[in-house]
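Comments concern the structure below.
So that you can tell them apart, the chains are marked A, B, C and D in the order they are listed, and the count of residues begins at 1 in each.
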Amino acid sequence: MTDNAVHSQVVEAEGHLIDSQLLNVIFDTVIKWDASFEVLQFTIGRTNDEPSSISMRIASPTEEGLQRVLEELVPLGCQIARATDALVRRADRDGCVPDDFYSTTNLRTLVRHGGRWLEVAYQRMDSVIVIENLRAVCRKLRDVRAGDGVVCGVEGVRAVPEFQERDRLGFAFMTNEISSERRVEVGVARIAAIMADVKRSGGGIAFVAGPVLVHTGGAEHFCDLIRAGFVNVVLAGNALAVHDVELALFGTSLGVDLETGKAIHGGHRHHMRAINTICRAGGLAQAVAQGVLTSGIMYECIRHDVKYVLAGSIRDDGPIPDTIMELREAQDRYAAVLTDVKLVIVLSTMLHGIGVGNMLPAWVRMVCVDINPAVVTKLADRGSSQTIGLVTDVGLFLHRLAQNLRGLP
Amino acid sequence: MTDNAVHSQVVEAEGHLIDSQLLNVIFDTVIKWDASFEVLQFTIGRTNDEPSSISMRIASPTEEGLQRVLEELVPLGCQIARATDALVRRADRDGCVPDDFYSTTNLRTLVRHGGRWLEVAYQRMDSVIVIENLRAVCRKLRDVRAGDGVVCGVEGVRAVPEFQERDRLGFAFMTNEISSERRVEVGVARIAAIMADVKRSGGGIAFVAGPVLVHTGGAEHFCDLIRAGFVNVVLAGNALAVHDVELALFGTSLGVDLETGKAIHGGHRHHMRAINTICRAGGLAQAVAQGVLTSGIMYECIRHDVKYVLAGSIRDDGPIPDTIMELREAQDRYAAVLTDVKLVIVLSTMLHGIGVGNMLPAWVRMVCVDINPAVVTKLADRGSSQTIGLVTDVGLFLHRLAQNLRGLP
Amino acid sequence: MTDNAVHSQVVEAEGHLIDSQLLNVIFDTVIKWDASFEVLQFTIGRTNDEPSSISMRIASPTEEGLQRVLEELVPLGCQIARATDALVRRADRDGCVPDDFYSTTNLRTLVRHGGRWLEVAYQRMDSVIVIENLRAVCRKLRDVRAGDGVVCGVEGVRAVPEFQERDRLGFAFMTNEISSERRVEVGVARIAAIMADVKRSGGGIAFVAGPVLVHTGGAEHFCDLIRAGFVNVVLAGNALAVHDVELALFGTSLGVDLETGKAIHGGHRHHMRAINTICRAGGLAQAVAQGVLTSGIMYECIRHDVKYVLAGSIRDDGPIPDTIMELREAQDRYAAVLTDVKLVIVLSTMLHGIGVGNMLPAWVRMVCVDINPAVVTKLADRGSSQTIGLVTDVGLFLHRLAQNLRGLP
Amino acid sequence: MTDNAVHSQVVEAEGHLIDSQLLNVIFDTVIKWDASFEVLQFTIGRTNDEPSSISMRIASPTEEGLQRVLEELVPLGCQIARATDALVRRADRDGCVPDDFYSTTNLRTLVRHGGRWLEVAYQRMDSVIVIENLRAVCRKLRDVRAGDGVVCGVEGVRAVPEFQERDRLGFAFMTNEISSERRVEVGVARIAAIMADVKRSGGGIAFVAGPVLVHTGGAEHFCDLIRAGFVNVVLAGNALAVHDVELALFGTSLGVDLETGKAIHGGHRHHMRAINTICRAGGLAQAVAQGVLTSGIMYECIRHDVKYVLAGSIRDDGPIPDTIMELREAQDRYAAVLTDVKLVIVLSTMLHGIGVGNMLPAWVRMVCVDINPAVVTKLADRGSSQTIGLVTDVGLFLHRLAQNLRGLP
């Protein structure tokens, strides 16, 4: 602590501070912003099961500097020791909030209001917290209405990190192993076990899938997963559905015959015919009902009551009638079907994977499979210990996964 | 030609068949589909400037097989020798066409109607051709209305490949050099020369840009290009604008201070504040008018009358009011501002790059810059000789490009 | 042809000039070097089976320019029309040749000497051709001795391109499909068929393998291939052998337990112990004989008389006694065991893959499997139509391959 | 601690345990191997400058399990509390050691011998420690001679982690930022500052470089660095030297003209001629002395007394006489010139970069620059906080670096 530091605040944190590397990040953050810390009290967990706790004084040469540090420490699980209610200020117009609004993380968050700690509902990152009817809820900026009470600053706000130790022997050990130089079969077996576990416990499993799933020959194995009850939700773009329909109708994917590997030059003709066929039927469900579409992922989703939402993108051809081209609506529909989901598996789609990752609270587990390690790294980078990355071929991955899950409850 | 082949058709092609490897692809296509060819006449261009021409009989054991081959040969520049009008059939309902519709490529296309060859307007790939008022126009499936006359089959249709020789000494030599093991400076110099050339000739230059442009420090150099008049159109997503505004307001990009490299843990807070600020102002132009936004890419676009369109995506935060979240509208707006563009430069965005690539006729040149060779390969794969790929760091690329263009007209 | 061009030469080529895109490359090459061509005679193959032939005059403003173009045209299959013997000059000292020496390609090459065309033996790229005892042989620069007769210039030299059509329906269709967005199973099935074909015809199959084969769990499947007789030669580095032995002795690969995925921090201890164990035994064969090494790839190689050569690298730990650390010797040993090999499969090793590629004549087929598309692209870029690339996980690839080959002769 | 655990040992550690995430890794390691820990005493550093210390009992159900955990804890800085001399056993034959030998890390290491702690000399990873003449030295397995006293087990061995805090505001903040989505200019400026700092302090700077340095146009900028005195050692393969000579003699690199970007088909001819020229001169120094080689990297190295070592590889053409093809010798020569080096910069070569990384103690800093993020990740993964990774174009990187260093002392 430098001599001149006159602005200071005592903060506290508790939990598996060391296991989760939190304490290190907390100290780093303080030093990075030219502030200083003095540990007032520290109790270490004596064994693996016991939590640690810390109390420390944070000091900075300027009040602005102190606030900046505190804004970064709160999402790390630090809480200002002085117990005060959170500052709540009114939104002055629709879709806007006061400048010092508290921007949410995906961690479980509590807000002190009227002397009581309220748990924030619908937790997700990059939102604001609105207090209404003695409840605290996450709300997207665009859904804020003039007059809403918005939590501002960091006092009276507490974030609860997901401590890694929870399932130390299962999920956590695979983290940070984003490498193509690993034995995929070990990872597949673990993911299969987690899926069976989630299913047994009644939680939902969502797949977020790009069209590469179809190109790489994974569709038939994915259909196996649907029929075996391991798929509750499918989130994807127009392309997945169209390529799936193309495969079902013509045996090709982007013009490549999946049995022989022969490619049509240009290759988009079948793709456009698939779109035309679904448009004529009036949509996927109608195409199934009319007997036009009799196999494939979308067919199985419809037959097995899997909830699916298709979100549009700027590169879409068509689209088919099922694709939601208004993206605010698509985001809301995605979020709605994710409510009871406990596990999300992202297959070769950075776009939809990041979109879904933004909507999820930290305690929903996420598995990212892609042959490009950079995509896996980016998707896994959610500041959470709950993401597994696997660098491998999606078609072969699904084949192995379906084999692993055969016979599992 | 096998003895049993009874279904045959004579086709013709003319142009720089060898330079463009077209003849090879034509022969390959015939053999791939178990058909055969017999060359009836072939004239080779004696020198580099003279075209070649071929006439050949295509034969297949089945009529269906023959049609399949012909459907692939027409986009390669082959034309059925027998001169007949194209088959035009009526769309039976909105957004649908007859099953045997001709699916367009991005090549210049002619349709024979009423004994005359009509050049198709608004050429783009994955559309249909509608005949109305003695004109032939490309139309997206979703814009087709019941009763429209739609070109079906392949007779009376002629596609004109872009022959590589056109600017043999300029653009073409860089094609197929998608490698990170090249001297970028040579590529930058050539791109700068092409830009100056396009500008001098009065053609428009569009940039399609991802947020990496900002993260890698390219924003200031891109602003130089705008001020120097080398940017007519900017097409991007919400993220580019938000990161640009974040940089202008706070000096950070995704929470990373671009001067010092220090990263905010989590890093999204500034991002959300930038969105809040623009939402409060009512949009980017309003933020500029109110003196809230005083620098950056979007500021320069507004000050220099650069047309910009921001298209939404499923992963958008906010979005700011300028972002078009209804994607049919976004696609139409993209297409509208691309009308007079002669050169498109795609910077680190596969999503928007493919979206734009789908809208362009083959004769608009495209340059794709990305540090990931797989993205460059994918974007360059438009079946056209008019795409240059450059594997390099986007920030450094823009720095060099701005240096190269300094002082050029 | 410009008026000033006074330096010219007539060249001829014959074969599947269009199928192989050769004609296009020939024309490109002429124009690129500011030379010109005039087609004197061209005969196109009427059907797929017939060859084409061309005769043309190449002209350049300077004699030096003409020579430069001719030097590039000869490896493309062009031959100077005027029939003269090749120029043979004496090497003036060991390991050096005259400055205008003919630098070989990997194509079948003929040299005119004493009025007769001699086929060059031991064809490989980046060598020189030495005439001795009325034979023409490829010789590495370092093996040239003072007084050797070295072919210089391009007259009297003829290279014979591998025309793609040879197995049009098998190997060729997979070329240029280097993409992770493909169905691997189709590729695996084709490779299995080629392997069975090569084996039936009595040709040898060589695998060039990196240690990733072991990390990704491919070792057991590779052992299946050895036992089934599909592996005649294994070329690798010290690391493959050491990781294989580590797996055999300790169940780990670089410290990662291949059954549970648990990683040893640091992870090199088992690796060093494996080396120590083999050093103590005196080598791999001794370790097998002593019952120390009882499973794994090297064990199976030794038990099934598979020829293996391990070449050292600068990053080797140890090495084990089998590894050849003198690289001239290693290169010679590699080349020696490749003599009867008809198919080379490269698994996740750019270093050894390029090394082997340099040694092979163009007519030996090569399959490159790697999860990194850039590696596959680089390995496939041998200027030959005989290389297949597959972008996928090596462990899963070998699993599928072994399944495909089960029961095949 | 479970009731049945009867095998236990008390270990101690001291230092910046939290800053360096060491404590977390220590606890993780214990739990991973089904052992348990009980913290006996823990003192936290009150401020950033004070160290922490811990004493804890490690328990395992089996003695073997306990030893395995201890073997992993020692390299993490844990020391067995009970003060005993290290176990020293004799090597029974050349190149072999007892099975329980202590396998070194790259951390500063101390061995207790005769009641005193000896610091181990020539520290490097994957070696053994030999005690001779009251000194402890690292020795490669192959250099061990029968009768040497080799440290075995983990008692009496202490490794000292490099704590991150040392230069918290300089080097450490860039760690773990392996992403292509960063502003390279910030990283370049920091590397330039570190280089100037090392040079001022009299430490050596070594560059380990692949041929991509030449292909990407970095050679001229690298020559600037040599002339400005920022290069003390160059470690590379035959290819770097040959491509550099090719550029100096012919203006091309792998047949690509670096000024115009025009590529020679095949492209190896100039490459082979460059080799021939150097072979004729008798080596690089001779070529410089004879006036044959008058520019380029190797020329500048020779003119400015930069130590260079060229190590062979299996894919080498030639090689030129300077390249060391016996790799034991090459490794020894690499290690010898690295003695006084304080900073190593690896440019686009995984092979030589890993080779060098294996030789260095943890306290020599390493900077890895490559356009492929996977290479940077792999090179940076040395279990040390002393490695910076930068994902960017090497040619542009060197250009910027030379600009940054202009005018610096």
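Assume a residue touches a chain if its C-beta (ideal position, glycine included) is under 8 Å from a C-beta of that chain, and two chains touch if they have at least 3 such contacts.
As the structure is a computational prediction, the values presented were derived from the model and not from experiment.
Annotation, subunit B versus subunit C: rotation angle of 180 degrees from the Cα superposition, expressed as a multiple of 5. Interface comparison, A-B against A-D: more C-beta pairs in contact at A-B.
One inter-chain figure worth recording: subunit A and subunit D are separated by 37 Å, centre to centre, where each centre is the mean of the chain's CA atoms.
For the pair subunit B and subunit D, the distance between mean C-alpha positions equals 45 Å. Distance from the subunit A centre to the subunit B centre is 32 Å, each centre being the mean of its Cα atoms.
Residue positions 32, 173, 180, 262, 372, 374 of subunit B are each in touch with at least two other chains. If the chains shown are joined wherever they touch, the resulting network links each chain directly to all the rest. The part of subunit A that touches subunit D in the complex is made up of residues 1, 18-21, 23-24, 27-28, 30-32, 36-39, 42, 44-48, 54, 168-169, 173, 179-180, 373-374, 377. Residues of subunit B that touch subunit A in their complex: 25, 29, 32, 71-72, 75-76, 93, 95-97, 99, 101, 103, 105, 125-126, 141-142, 237, 262, 264-266, 268-269, 271-273, 275-277, 279-280, 311-319, 325-328, 330-331, 334, 351-352, 354-355, 358, 372, 374, 383. Against subunit B, in their complex, subunit D makes its touches with residues 173-174, 177, 180-187, 190, 212, 215-217, 253, 256, 258-263, 371-372, 391-393, 395-397, 399-400.
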